[in-house]
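This is the structure I want to talk about, given as structure tokens.
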Amino acid sequence: MATHHRQAPELIISQWFNTKNDITLAGLRGRVVVIEAFQMLCPGCVSHALPQAQNIHKMFNPEEVSVIGIHTVFEHHQAMTPASLEAFLHEYRINFPVGVDTPSTRGNIPKTMAAYDMQGTPTTILLDKEGRIRKQKLGQEHDMLIGAEIMSLLREPS
Amino acid sequence: MATHHRQAPELIISQWFNTKNDITLAGLRGRVVVIEAFQMLCPGCVSHALPQAQNIHKMFNPEEVSVIGIHTVFEHHQAMTPASLEAFLHEYRINFPVGVDTPSTRGNIPKTMAAYDMQGTPTTILLDKEGRIRKQKLGQEHDMLIGAEIMSLLREPS
Amino acid sequence: MATHHRQAPELIISQWFNTKNDITLAGLRGRVVVIEAFQMLCPGCVSHALPQAQNIHKMFNPEEVSVIGIHTVFEHHQAMTPASLEAFLHEYRINFPVGVDTPSTRGNIPKTMAAYDMQGTPTTILLDKEGRIRKQKLGQEHDMLIGAEIMSLLREPS
Amino acid sequence: MATHHRQAPELIISQWFNTKNDITLAGLRGRVVVIEAFQMLCPGCVSHALPQAQNIHKMFNPEEVSVIGIHTVFEHHQAMTPASLEAFLHEYRINFPVGVDTPSTRGNIPKTMAAYDMQGTPTTILLDKEGRIRKQKLGQEHDMLIGAEIMSLLREPS
């Protein structure tokens, strides 16, 4: 049996927070990447997904596992501007890099969200060291399972 | 011994949500009033104080106990506009009346917050049926104690 | 309309813990009484009802509100002996008085449990200052509601 | 650098629950083994360690990861007999194999607990596929970390 894993589309980001340099997935090849797509006014993102992403960021070596937040605003656009996001990240003490997903010129779905065909927030995505999508999940996931999945990707030969 | 309870200053609100008519404390005389002062980007407000206020609103008869939220923005003003607040109330399914505290013309502290001399958010305030301040507390309070305090005020003769 | 509240049957206890003198409901007249009927191996009792009873014990003046635990063993009798109960109370740091419900000479239901017609554990019972049953509830109750109900009974004229 | 991992001493069990056949570590060679040492009246075991062990049992393939509980009674011996333990396992719906640690003929520490030099309960122990001790931890551990550590052992070549 052969399983084909799709190569992750490059992120399309209009503005970065919590990083000096812009981030590209191409530049993270060789690391496991955790993408947490969220909206700052999504209750499940605030109570569960973002604390989980923060724990991943704390528990794994950032040289081996990169955690990236993507602010994929697809509703209430006026309410979740980059200025609001910046205050949110400060108040919730989120310190991993977060990119603002580039708004679409037509429709409500921003560009990275569309490229990954995400269905809502929170969406957690795991990429292997080759930059392929190994998991994409809408909604809440158990900490123990996420920990095991990340370690499984880490233990794959580069 | 005689204890003097200060009469609660009138609310100074620039915009109301979740109510057809503007609310005044004077118009609520005869009811116990719970004022929950919060900021939408304050983590302790989101995780504890607002769910508690929502529970008070659900558990007591609104003809006897009025729950009022006040959005007392004293930092990150650009990030917590009335448009952002409206989306926040919708996403978090908060359905009791919420007023926007009127910004000050000088300084960061809005007018109602200043009139009550609040020190931060969340602040929970209990008024008796005569409109006097019987409790004002910064930070988290136990559900059981709040329930008992509200009932104690309710049982006072009008 | 007139509501009749049943006088609470006296407790039928074979052994007391956490009290120097045996306790009778007759001796508590004038106080609000909270009876928490539990089994030490009932998960809902351990995770919710006993911590709630402990909070009531801590939050209210014991001269006004008496919290009493009753160990109403109706299953696994060999596993929940008074010796086991004593170790349980020590490990869980329960310090309000707890009585062992007297086993029945026929059947599994102990005598106090039968006298109150309890349907299982945990059961929370509130008595007013006259010793009448004002609430009897099987299962989990919200802290805020319990706090309000106790205060309501406290505010009744003696 | 070379790290030496100690071979896990064999379990010394007087009675098994939740298994048809007695279990030996020798018989589990080739699998990762999670040993959860607990006492049924230890609050931290009940609220955290046993639910975590139950989650490991549910989340991993039992052909690859064996979860074993050990009832290491070192205090309140009269209160935590095998009869009490059996009722406890039933009420808390614990369905992985649990062994009763054999009481010592001198002193309070049972034999397996002594062989592993455990300092208290709960203690979580991870064995690799060769039966060596790779982790031994007293107290609470984060779900995410445990998940990652188990997966790391699973990914080691047999």
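Letters A, B, C and D name the chains as they come in the text, with residue numbers starting at 1 for each one.
To be clear about the criterion, a residue touches a chain if its C-beta (ideal position, glycine included) is under 8 Å from a C-beta of that chain, and two chains touch if they have at least 3 such contacts.
As the structure is a prediction and not an experimental result, all values here were calculated from the model.
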| item | value |
| --- | --- |
| Mean-CA-position distance for chain C and chain B (Å) | 36 |
| Whole-Å separation of chain centres (CA-atom averages), chain B against chain D | 50 |
| Junction residues of chain A - those touching two or more other chains | none |
| Overall pattern in which the protein chains touch one another (line/ring/star/complete/other) | ring |
| Every chain pair in contact, whichever chains are involved | A-B, A-D, B-C, C-D |
| List of chain A residues in touch with chain D within their complex | 52, 55-56, 59-60, 142-152, 154-155 |
| Residues of chain D touching chain C in the complex | 41-43, 46-47, 75-76, 78-81, 83-88, 90-92 |
